[in-house]
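As structure tokens, the structure follows; a few thoughts come after it.
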């Protein structure tokens, strides 16, 4: 990208999100990263050989991102979803089964909330009833799934087909044939109930098999793009799969509030991954330091 | 504000910034704060008795916010500007005098940049020539100013009238009669050159006099709204003036990436200021954890 | 803990780490959290019914924490280790097999590092040779392990017994009978090579089985203490196991630089977990906002 | 400094703070910065031509750092103090006049605190009575001060001589002839009351005169060392004085939790200041990402 002059950034009445994001690419600091992310994602969309992977960590469904995910999937902004633990899985299913997350307060007495069976996620409340319903509904669905050993991606595809709620991320992924990988599914309530069910049924979940399924995907494609929301295990998983297969990401966008100084994978800027060859030396990259609840909807809206 | 359901947040093609900000108010986490900031600022605009103060710390001109400031001032989104040090002052004047900030790189050899006389501010470059020009032009303007002891707000008004660049924040403030307070002006290059000039001229700058001028403003008005960009001294100054006069802010919006755990004023959430009565118990407030280069243009665009 | 006066905090010549930590408990801000963490961990050690779990995310071995881990394990400051992915696993084995992490630079050309086969983790370098050696040595050890389906904790115990390096975390854990749980082991290079090996051998790794093994541990004990380094999946795993068994943590210490505002589990303060009943209403807790490479060695040194 | 191996970092029973800090210099991530800060400060102490300046922003007295400051001043670890606003000034005087900061809670109802006249600073409470006492005592002291125009450094020296409390930072500075600069004193309660008093007395405070006094200090010395706590205006002031006099810092240590991505001076790493020549190309520097309430006492204790 060519040098730009921050003083040329403008705002105006009736400005569209797409314009704002493009203006940001003239700015400095965090706005610039967001503008560059738009550019990198657009280049990814133009590259017909590129598989576009979205990795997501964190409680993004409670944060309000459900429709942003399904919109991005339906409009083919992404081809593959990589999750961590149950952060998105459990919350999407709870919503699908009818219990809604709602706005709450941060500065609250958590022991009092506990007495009311309300679980808090920063400023969002989730009635604990949601977990009781999750168990009940999963137990109804499990018998309909293939009674055999499944990888998380196979399992989540089969599960998605059995979710009725049309706004469910799992269902939309199943419909759009967007695979969902989740190497950390063991650490989720869905993972727990699947294990419980597998004690006396043939349905088994084996997270190791997502290596097999993900490698198959890697080998079928030539170019790779990754949009990272929040870092964590799913970022590491995709990057690690690049490392073990000798491939590199050709495009990468990272949206995170984590910082690099304590050496964690979530906050490591994308250029660090170039030393590992997980990101190609000539890859187009954008580091966005902004909460995903702000940056992700703006990016998706700007690319529709 | 009433309880909302994060899952109702939507994105669509052709979405305007105004719509996005309003959708954010349904979300959780950082997006919600941004949506609430829009609401609080709108209420401030509807309250005809309220003086709307914008306090700004940090290198927001290099960050590309110059047009956002002047647009907000021209459209009367704010009535008063409170600056810290020379962060905005020096950079606005340097641009006004013809040296532009430009996009640079973060991961660069700073000693090499120094050899090329390029000053770096994160990912923005400022040719050191800008400071040489700043001194030269200020020395041309100083004789045109009143040769007497001035408060920073008087000084900056007089200075603004003598700036030719129509895009200058100082000039637009002078034209719109928006006073600029700067209790920390001593810590700026403009402050330094003013002191040098005052050694053998009657023009003197006395930062203490901004107390007088700011109190006059406080006493004339009944209700107070503050939009805080980045925290720091200007946030503290406005809040401190409330404290010593027994007044309280009726509206407050804080946009910062600082965090509260180390006890600094920049990261302290607005509710902390309620214990000090600097913010009224029933004030409308919004805490936005997001870089101002993203949040400020979105808010201004959404309110035009 | 009783109210204290920050002005009573003192420093002196020859001060021991133990004294410093205790002085911190009189302070405010981040120091106070560190002082309280010492107090909570000490109470945990005095409670003979309490199982002391350490969960660790992040590249703590490259960060220099290897001896701190083994010292804490050998002196029984902890009973159980819960890891995420391969962050500690892979790095511990690489060191055990003879390739050392070394201090590097942050502001470096990562593409040049890649050409020299040096992987960077913030300011630490790891020769890529470490990963080649890791594969080679694991292939030598795998035939010595039980050729059957193993949980990660069983697998890591067996692996630890076969590590020669006396300074290895895995070996010390095996010797001290400190189980290592790792529900996200699939996302590690060790996990990958185990999967490769399992293609034509009977040794299989099934992360879901760590649910079984961890539940067994939970059911055997009555009281639970957790020290969290960095948050992430291992924090969530332990808390989730409390949730599904209807238990609660009686003691909890969290050491992290993550912040709560974006709704991630890593940055959520411990009181949030009280709303979920994952942490008991009357639990002793301490939230430490400090990098684990500073806080963890100070805490361990103060408790020896 | 030579390359080191993080795995050589050790902890032991009875470890002194000095040992811990030196072990940290072998680590990676944030611990390494703290170890390097010890090394740089030690080199500064060995350099007899170097003036050692400590700049401090933030509420470090409520945070419990009062004795750490006075110990560092009495043992000549620093020669000059540069403050911002009233953060340290007002709080030191309030303690000197008999009102103590005390440990409080973060998750509290701030409106209820306001009713009890308790001001909150994160997890520290300050009875509002402290401010009433501050006004009363200052009014008693003002007539004893020279009735003329004073720079902040002259004013604070005279004020310090009139403080009875032997633990006062202001008094210890006066006794040790350690000048205190405060270009932002206008933004403090002490600054406000001085202005009020000056309305009908000859005592006047002119912050611009700290430029004169600081330049005198710069011209008398050849080499400069700066320890920065928290960034902000005082960091910028010292660096700015270097810029305008064509000097550079030969040693610099920065202790802050601010991050660089939003372009603020507080979070900018020291190498950025090399592009400005505010820090010499060959300066010894250390960036510490840690709250000052942890890092500052450890550093001072390690250097006694």
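First chain written, first letter: the chains are A, B, C and D, and each begins at residue 1.
Basically, contacts are C-beta pairs under 8 Å (C-beta built on N, C-alpha and C of every residue); 3 or more make two chains touch, one makes a residue touch a chain.
On a predicted model such as this, the values are computed, not experimentally measured, just so you know.
Taken together, subunit A and subunit B share the touching chains C, D.
Set against the C-alpha centre of subunit B, every other chain centre is closer than that of C. More contacting C-beta pairs link the chains of A-C than the other of the two pairs A-C and A-D.
Centroid to centroid, with C-alpha atoms defining each point, subunit C and subunit D lie 35 Å apart.
Separating the centre of subunit A from that of subunit C, both taken as means of CA atoms, is a distance of 25 Å. Centre-to-centre, using mean CA coordinates, subunit A is 43 Å away from subunit D. Each of residues 28-30, 59, 62-63, 107, 121-124, 257, 259, 261-263, 271, 289, 291, 293 in subunit B touches at least two other chains.
Subunit A makes touch with subunit D in their complex at residues 28-30, 33, 107-109, 259, 261-263, 289. If you check the complex, the residues on subunit B that touch subunit A are 3-20, 23-24, 26-32, 34, 59, 61-68, 71, 95, 100-104, 107, 121-124, 167, 257, 271, 289-291, 293-295, 297-298, 300-301, 304.
Taken in their complex, subunit B has these residues touching subunit D: 57-60, 62-63, 84-85, 87, 106, 110-111, 113-114, 118-124, 128, 131, 183-184, 186-189, 191-192, 194-195, 198, 204-208, 210-212, 230, 232-233, 236-237, 240, 243-244, 257-265, 268, 271-277, 281, 291-293.
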